[in-house]
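Common to both upcoming complexes is chain A, partnered first by chain B, then by chain C.
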Partner chain A sequence: MHIPDGFLDPKTWGTLTGVSAGFTGYALYAAKSKLNEKVIPLLGITAAFIFAAQMLNFPVAGGTSGHFLGAILAMVLLGAWPGFLVMVVVLMVQCLFFADGGLTALGANIFTMAVIGGLMSYYLLMLSKGALGRSLSERTSLLTCTAVFSWISVVLASIACSFELAISGTVPLGTVLPAMVGVHAIIGVGEAIITTVVIAVVLQSRPDLVDAYSGPPELGKRVAREVA
Partner chain B sequence: MKHDYIDRYSKLESPVHSLDPRAKAIALFALIVICVTTPPRAWWAFCVYAGVVLIIAAASRVPVSYLLSRVLVVLPFILMVAVFIPFMHKGGTSYDLGPFAVSSEGLLVLWNVAIKSTISVSCLILLSSTTPFPDLMHGLERLHVPSFFTTVAAFMYRYIFVIVDEAQRMKRACESRNFRGRWIWQARTVGYMVASLFLRSHDRAERVYQAMCARGFDGTFPLQRESSMRAADYVFMSVVVLIVLTGRLAVLWK
Partner chain C sequence: MADDVNNVSGKKTTGLWIFFGVAMLVAILLAVFISPWASSSPDGLEKVAEDKGFMEAAEDTEPTWTHSPIPDYGDAVGTKAAVGLSGFIGVLLTGALAAGVALLALGLGHMNKRRAAEPGN
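Now for the complex of A and B:
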């Protein structure tokens, strides 16, 4: 999904660069109170972690392999805006040092993977978590929504990517959309499983590290049950 | 993994390596933007761009085989577009290729993405293999990229190979127990690996932060040597931009 240079026309990449710059500027402003010198090492190492985790490929079918996006994971763990900024850093380094995604397409790639596949999916996740939370426990509703919206995030990102390519006249929409969405519907299942398992394990051992979780720590509950 | 995994060959000595990161970044970014906005039928302009890239590559003394292997990352994308070409019937002459009819319009699209992405990727690879990561980040910072990004990226650079090593150790441990990660339902196990990778990375981040505080960290990285733009840097920058712009504008006049 990392679009290289030359695949988008100037009006598409120009617009999306502007949109992504706006989001990034707002993110720096919104997360300003949180971005002290204590969290910068944490964000840097999380960025390195997402980078490394993207190297654990899982094969899908017929030779294509998917690596995961990590946007939902970053946001559930760090919160929306710090997670967004980590994704921007990852995409920036991938672009400058791995030529993975182009320079003029950087704005478009941030838009696809960090705005559509990230922020939008994350806020939908938090909305439905709130709705589910009325009948289910916080842990169950968070994990259910993480599973569903990690899948949705990958599929939405692939739809956005297809539209960007089609609007630029690089590929016809009618053929690229089903192909991209089909492949990413499968990749999304892997993304959903990995993200959910990671959040479940982190909830078990360090619930304080999950930003989207506000409930009582599991261990605390167990102790409380045993004391009672 | 070697610690220079990200910016291999960036510590060689050559005329290109000794240029200021800002001069290289501005010149190559300008080349990319100009190249991407060139109409596909401007054949001569692309020859000029490719010529500039080849001259810089030759002057940089980075092994050709390494550059070629890195440029290959765009190949899957070009192939993807090539697959869709037969479905494009926007008009123009078409050529019969067995079961498919390929329109000249479609071929033009393929040429357009192939040449532009190859030239742009070569520029980015040349930049990262002739400039050490910390120097480039510092250069970007002085070009007014917010220091938040450059500082976070600096940490990322410092720890990426440590964490990738950790990931590879875990992968090796899995493989030695006959786990190959072949099917999608095995993504669960990958999930456990990623989770413990995160917890270990987080512990490491906390230890690193405490160690850095003990050594007087205040949120910024002091630089050992301050680079400044010299005459050679201005010359390089303006020569590259001028040649490329001439190539681009020559097309307009024709």
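Now for the complex of A and C:
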């Protein structure tokens, strides 16, 4: 879903560049409460994994491919703002080093995939997890919400992308919206599978490294001991 | 709650640095050995742009940034090795930059704390 140069008009990409710069600046301050010397390697590894996984285009219906997005994975693992920074780094590297996504569209791509597909979807996930957590175990409600909202994150991002294209006058909303949502509803299934499997594996081996998991407190203390 | 209890009941968890090492290795293996065989079909947005006739909007536009050292993840070179190598470079670069940004954020946090701790603030 990386928008190239030329799809967006200056008012749209200009506005979204400003919005994304604002979010990124705030994230640099807000992330600090989650960061310590031991979380930093996890942040780097998460970014590296998302970069790698985004290269793996899988075929979906009708000569189309989709690939992993990773915003929900990053935020569930690291918390909203460190996860947001990870997505910004991934999108910047893709744009500047690999010519994936236009430079004028970088702000729009951050907005689409890290604000709408990321922060907004993550906070919806956490709200639902809170509601679900009253009747299900922490682990089950986290994995269920991870599956559902990683799918939703891809669909929401495709809706945002459609609006950006329509507002730019590139294509009418009625034309682009059903097409984008249709294909990304399928791609989102891949997103849900990958995200849920990775979170389940980390929960199994190191539950203390999953920020969104507020499970047994003993494990949190274990990490505190290791850090100290 | 049953599964939560299972987690507590002292199953040995993976050591922190072993976990980091394995995770990094998985990322590198995916980028180097799997990505060259990824689908080269257009992605969701590209496909919609082709079908709905607005792909020209991008094709007719000069890219604003032309200094990407490895455009399209080595696809232009056309060999699987080039894609794998570009994946390897990308994984290390992204990981290092993200850790760097985190250090920067941590540094900003420390500076703030120090400023707040000064008398008169």
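As a convention for this text, the second predicted complex is superposed on the first by the 206 of 228 C-alpha atoms of A that agree within 3 Å, B and C clash if a C-alpha of one lies under 4 Å from a C-alpha of the other, contacts with A are read in each partner's own complex, and residues count from 1 in each chain.
Just so we're on the same page, a residue touches a chain if its C-beta (ideal position, glycine included) is under 8 Å from a C-beta of that chain, and two chains touch if they have at least 3 such contacts.
Everything numeric here is computed off the predicted structure, so don't read it as measured data.
> Could you check whether chain B and chain C clash or fit when both are placed on chain A?
clash
> Does chain B (first) or chain C (second) touch A:Ile193, or do both, or does neither?
Touch status of A:Ile193: first partner only.
> For A:Ile159, decide between first (touching chain B), second (touching chain C), both and neither.
After superposition on chain A, A:Ile159 lies in contact with neither partner.
> One more residue to check, A:His184. First (chain B), second (chain C), both or neither?
In the superposed model, A:His184 contacts chain C only, not chain B.
> Which partner does A:Met126 reach: the first (chain B), the second (chain C), both, or neither?
After superposing on A, A:Met126 lies clear of both chain B and chain C.
> Of the partners chain B and chain C, which touch A:Leu77 in the superposed model: first, second, both, neither?
In the superposed model, A:Leu77 contacts chain B only, not chain C.
> Which partner chains sit in contact with A:Arg139 here, chain B, chain C, both or neither? Use first/second/both/neither.
Second partner only.
> Let me test your reading of the model: by the given contact rule, A:Thr175 touches which partner, first (chain B), second (chain C), both or neither?
both
> Between chain C and chain B, which one touches more residues of chain A when both complexes sit on the common chain A?
C
> After lining up the shared chain so the two structures overlap, which partner does A:Pro10 touch, if you call chain B first and chain C second: first, second, both or neither?
Touch partner of A:Pro10: chain B, not chain C.
> Take the contacts of chain A with chain B and those with chain C, and give the residues found in both.
3-7, 28, 35-38, 40-49, 51-53, 55-60, 85-86, 88-90, 92-93, 95-100, 102-104, 170-171, 175-176, 205-206, 209
> Within their complex, state which residues of chain A touch chain B.
3-7, 10, 13, 28, 35-38, 40-49, 51-53, 55-61, 77, 85-86, 88-90, 92-93, 95-100, 102-104, 169-172, 174-176, 186, 189-190, 193-198, 200-202, 205-206, 209
> Note which residues of chain B are touching chain A in the complex, please.
Spelled out, the residues of chain B in touch with chain A are 6-7, 29, 32-33, 35-37, 70-71, 73-74, 77, 80-81, 84, 87-88, 109, 112-117, 119-121, 124-125, 127-128, 133, 136, 146, 148-149, 151-160, 162-164, 166-167, 171, 181-188, 190-199, 201-202, 204-206, 208-209, 212, 217-219.
> Could you pull out which chain A residues touch chain C in their complex?
1-7, 27-29, 31-33, 35-53, 55-60, 62-67, 82, 85-86, 88-90, 92-93, 95-100, 102-104, 137-140, 158, 161, 165, 170-171, 175-176, 179-180, 183-184, 187, 203, 205-209, 215-216, 218-219, 222-223, 226
> Considering the complex alone, what residue numbers of chain C touch chain A?
Listed in rising order, the residues of chain C that touch chain A are 1-4, 7-8, 13-14, 16, 19-20, 23-24, 26-28, 30-31, 34-35, 38-45, 47-49, 51-54, 57-65, 67-73, 83, 86-87, 90-99, 101-106, 108-110, 112.
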